[in-house]
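Below: a set of structures, written as structure tokens.
Common to both upcoming complexes is subunit A, partnered first by subunit B, then by subunit C.
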Partner chain A sequence: MNLAEGVQIVSFGILAVMMLGAALGVVLLNQIVYSAFLLGGVFMSISGLYILLNADFVAAAQILIYVGAVNVLILFAIMLVNKKEEFKPVRNRWIRQGATALVCVGLLALLSTMVLATPWAVDTTTVNASSTIIQIGKHFFSDFLLPFELASVLLLMAMVGAIILARRDFIPERKATTTEVETALTLPERPRELSGS
Partner chain B sequence: MNSGIDLQGSFIQSLQQLGIPPEIAKIFWLPLPMVLMVIGAVVGVLVSVWLERKISAAAQQRIGPEFAGPLGVLQPVADGLKLVFKEDIVPAQADNWLFTLGPVLVVIPVILSFLIVPFGQNLLITDLNVGIFLWISLSSIAPIGLLMSGYASNNKYSLLGGLRAAAQSISYEIPLALAVLAVAMMSNSLSTIDIVQQQSGYGILGWNVWRQPVGFLIFWIAALAECERLPFDLPEAEEELVAGYQTEYAGMRFALFYVGSYINLVLSALIVAILYLGGWEFPIPLDSLAGWLGISETTPWLQVVTASLGIIMTVLKAYFLVFIAVLLRWTLPRVRIDQLLNLGWKFLLPVALVNLLLTAGLKLAFPIAFGG
Partner chain C sequence: MDFSSTVASQLNAGVILPEGLVIITLMVVLVGDIILGRNASRQLSYVAIAGLLGSVVALYFQWDNSQTIGFLGGFNGDNLSIVFRGTIVLSTAFTILMSIRYIQQSGTALAEFVSILLTATLGAMFLCGANDLVMIFLSLETLSISSYLLTGYTKRDPRSNEAALKYLLIGAASSAIFLYGVSLLYGLSGGEIRLDAIAAQLTDLSSGQSLGVAIALVFAIAGIAFKISAVPFHQWTPDVYEGSPTPVVAFLSVGSKAAGFALAIRLLVTVFGQVTPEWQFIFTALAVLSMILGNVVALAQTSMKRMLAYSSIAQAGFVMIGLVAGSDDGYASMVFYLFIYLFMNLGAFTCVILFSLRTGTDQIAEYSGLYQKDPLLTLALSICLLSLGGIPPLAGFFGKIYLFWVGWQAGLYGLVLLGLVTSVVSIYYYIRVVKMMVVKEPHEMSDTVKNYPPIRWNLPGMRPLQVGLVLSLVATTLAGILSNPLFNLANSSISNSSVFQTASTPVILSESIINRQSLSE
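This part shows the complex of A and B:
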């Protein structure tokens, strides 16, 4: 075992422990803010694992998107609505917990059968590691074109939805004099002038 | 193109001649550039703090620091020592863990980003082929640290400052990344070395600032916003928020924020110098000059001279930009939060997109001038 392999094994161990610990913390901690911060830790450890797999671009993109955007937005949402609220104990809580446990065990069983059933043949051919970006680009525009374009359409839909939700002006009491036709899609909002004024 | 000086190769070779196996020699080499870079970054902070104080003083017709050392150059050191010896206060009911972790999370990514800053052909820590993208993604970690310290301080001003910082950072990352993308498209690579090499050969005329004037302005504005420098220093606007997310910090933890913000400023200036001002390139093409004078590219003393000139040029360009940032601080008033977000989303973003499109078009139309 030479130097590089030793470093790889040690860092894999550290990253795996970090990731599992942080993920358990996300699920088990009571304070939602801690969970959100630990989620960032999980994402960073995953990006470390990508680096170990020589996927440098994916690792950087993971940090940029998941830590820099998704996690920050989660934190934002938590901090803007972090009000103290006493939750009433729900009746028949054990039904929920039982259903959750059932779903989780089922998922675990599915994943473990997948892990056991897949022949994990290790591909020993090393791709030229100096051009990961070029490889990814080629795949995006050849055999992964449809998923790539579908993902962009999905993001566009999410953006349009977010804009529609964010631009609503709620009025506390609606005036009865409005002669608007109420359809299923009408949002409870102030009628606004059509031309930008 | 000569490959310049290969310090790592010669270091390992000379250790091997002493009878040390190459792997051990490599272990000896590895920490050297990193330690050197951290020292360089800290010295850069001291210099920029001194510059900021002196230039601010000059802008307000004061003298500025002058008693500590000649012209007050030791003043930043005195500041740092004072902060080290100050009492470390954690406010009551603050979250101790998050309160400590916040400043650390702000500083570490900034220092890590120095990995990709080149001072010469071989004078950088690693030549990653995601290069500049690594800097963009690392700089997106900082808002988490800011949110963390804002939340943990148990203070409304801190929380507001943290939220503002995160909002600002997210908004200005997009024009920043689009401006970088236009440059990366012209140099066909994200590696900082390739980006500088693509600007070399024609001296000052080959620098990206002539081919990407709009991108240069967008990048500089966005970089100032990312560093929370004055026209955009809303997160710590002292008249409104006391000091934003730094309000409750004292001693060493405050020093981390302080050092972090100045390292970030120097780093952004260095990146602007690399992306748009030709990096380590001299305004006159040195290679052709040596060719005209009949000196071979591989002459040892010429290589040493070009390498030192490269380091000096990179640092000079960066500090010129720091100087401009300090002047801007005393020239422009602070924008409001809505103006800030409007500028980012409704002006810089469309302009950056148009710039990207134009660059792509020009690259197809004039592949010689815009990197085919």
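This part shows the complex of A and C:
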């Protein structure tokens, strides 16, 4: 084993431990702000793994998008919601937690058996790593052209949808017509409890 | 030759002409709404319908096209996908017809609704022809995200908010599971994303790959079963159907479901051809559960929308018989049934919308005595419900008989018998509504029907509803008697599609020349 391989293995170990620890913290900590910051840690460690895999552009995009945008947005959302609520502890909570743990451990066992039993076809060809951006660009404009274009439609519609959900609407006044049902941004069907009367 | 012209000569971009028309329509509606303002939104929705019909025409001219593979293997516009895309486009056109009045009365913006609906259609259409894993996942997400937005469109209604949130959370979980399964396929095939290439790599299952393939299969089926709302994955359906605007429900129950079945056929037949007995077993279980639970729970419903939700779960169970049969006839019967289901289910939803717009309720008990006040609505709803139940001269009967006949040919006696028994159960709850409307004496009329408003078709947006109602009524009545052209269409769509010929011996197409070598230079 030469020095480069040793460094790779050690840094992989450190990143993996960081990622697992942070991920466990996200799930197990009670303070939601800690969870949000630890989520940022998970994303950072994942981008470190990408760098180990020679995917520099993906690593940078991971940090920019997930840490820079998504995680900050989550933190904003947490800080804007200033609601203190004392939850009553659910009775027999350990049964639920035990069942969840059982399912998760079972799934983990199944998946790890699968990972170990499968002879993975590992690609041994070394890729010239100097220009991943050019390669990604070539793929985007050849065999990934259609998904790339479809993603633009998807993003446009996500934006329109977000604006529709967030904007302040002019709420039409209910007109007292006898012919048809007019509603103000609600379904025309009455809720079930009202419709009985 | 430089890179761009090398690629451009191989794209064969003509195969997505119908989708291109939908995208242009979408942009026209979106930009036109900004320029012309809210008053023009009704005209814009007619523009959308015109664009969708243009897309159907484009699909017609692509029938039996010899060059079906486009975008270097990313899209496969064969006859199978054309039939499914046609079904989806028609269902959207019908949905727009019925949504104009509904959306305007609920006070929400119509043009944005239409454009989100068009995006959902676009995602569903791409899903029908998607031929690689990235394309499948992206089009699935386009369909799903637009559906979440549509579900929560009436944003001041708590039921709509609840439905959207439930749909979003369960949908996100199911896409995550689906994505995990798909990533396993990518790994097992040694880094292939095209479906036929994956199938070529997965031929040897003896050497320890079988467990990985099985897990990939189960996870992929979980994602598909969520889209078609087959029973263990159906929990979202009743709540989402109850809380969504009714035109959205109509689209989800027909367009979205058709896209799910198209994905199921393509993915299972192409990639999982080696494990056909396994997925047929899983789908048998899903079909049995869907038929039993859908039909039995529908009996107890008091709300029309919830009843139609459970009935759509049950109908998905019937369609799965064709999938389990696994023959060309089986797939043809699925296509045929989905096409008929389009008309009868959308017809039923048009009637439900009309009734709820006039009275503000969708409780089944409130329909009693409707015959005295609104004969056309009663006639249309009765015909559509009876057709859904499978009463002989109507279209639904022929669809069901074809499905059951194919299942019987394939030796699925238990499944077919169960289908027959549960059909009888379904006839009971469909007829209950018909009886409520037709048989009741005038003094048994519900208060809602007593106060039924005068029928005025000249109100803005009512005319398209009437057109949709009459069209679906005519189609449901005539498609049964004159079903031969449809039958031939379904059969030839299956027999001419490359999916089913290459299922056993996958061929790598020679057109997609851009190989990894030239890209990695």
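Everything that follows uses one rule, which is that the second predicted complex is superposed on the first by the 136 of 197 C-alpha atoms of A that agree within 3 Å, B and C clash if a C-alpha of one lies under 4 Å from a C-alpha of the other, contacts with A are read in each partner's own complex, and residues count from 1 in each chain.
Criterion: a residue touches a chain if its C-beta (ideal position, glycine included) is under 8 Å from a C-beta of that chain, and two chains touch if they have at least 3 such contacts.
For clarity, every value in this text was computed on a predicted model and none was experimentally measured.
J.: Between subunit B and subunit C, which one contacts more residues of subunit A in the superposed model?
T.: When the residues of subunit A touched by each partner are counted, C comes out ahead.
J.: Looking at A:151, would you say it contacts subunit B, subunit C, both, or neither? Reply first, second, both or neither.
T.: Once the two structures are laid over each other on A, A:151 reaches subunit C alone.
J.: Output check: A:104 vs subunit B and subunit C. Expected answer is one of first, second, both, neither. What do you get?
T.: Neither subunit B nor subunit C is touched by A:104.
J.: Using the touch definition from the top, say if A:120 reaches subunit B (first), subunit C (second), both or neither.
T.: After superposition on chain A, A:120 lies in contact with subunit C alone.
J.: Which of the two partners, first being subunit B and second being subunit C, lies in contact with A:75: first, second, both, or neither?
T.: First partner only.
J.: After superposition on the shared chain, which partner residues are touched by A:20: those of subunit B (first), subunit C (second), both, or neither?
T.: Once the two structures are laid over each other on A, A:20 reaches no partner at all.
J.: In the complex of these two chains, what residues of subunit A are touching subunit C?
T.: Residues 110-111, 113-114, 117-121, 123, 127-128, 135, 138-139, 141-147, 150-151, 153-154, 157-158, 160-161, 164-165, 169, 171-172, 178-192, 195.
J.: Would you tell me which residues of subunit B are touching subunit A in their complex?
T.: 23, 26-27, 98, 128-130, 133-134, 136-138, 140-141, 143-144, 147-148, 151, 159, 162-163, 166-167, 170, 173, 190
J.: Please give the residue numbers of subunit C that touch subunit A in the complex, ascending.
T.: Listed in rising order, the residues of subunit C that touch subunit A are 3-4, 7, 11, 16, 23, 26, 30, 70-75, 102, 105-109, 112, 115-116, 119, 122-123, 126, 134-135, 138-139, 141-142, 145-146, 149, 152-157, 159-160, 187-191, 201, 207-209, 211-212, 215, 243, 245-246, 302-303, 305, 356-363, 366, 453-454, 456, 459, 512, 514, 519-520.
J.: Looking at the complex, which residues from subunit A come into contact with subunit B?
T.: That would be residues 2-3, 33, 37, 40, 44, 56-57, 60-61, 63-64, 67-69, 71-73, 75-76, 79-80, 130-133 of subunit A.
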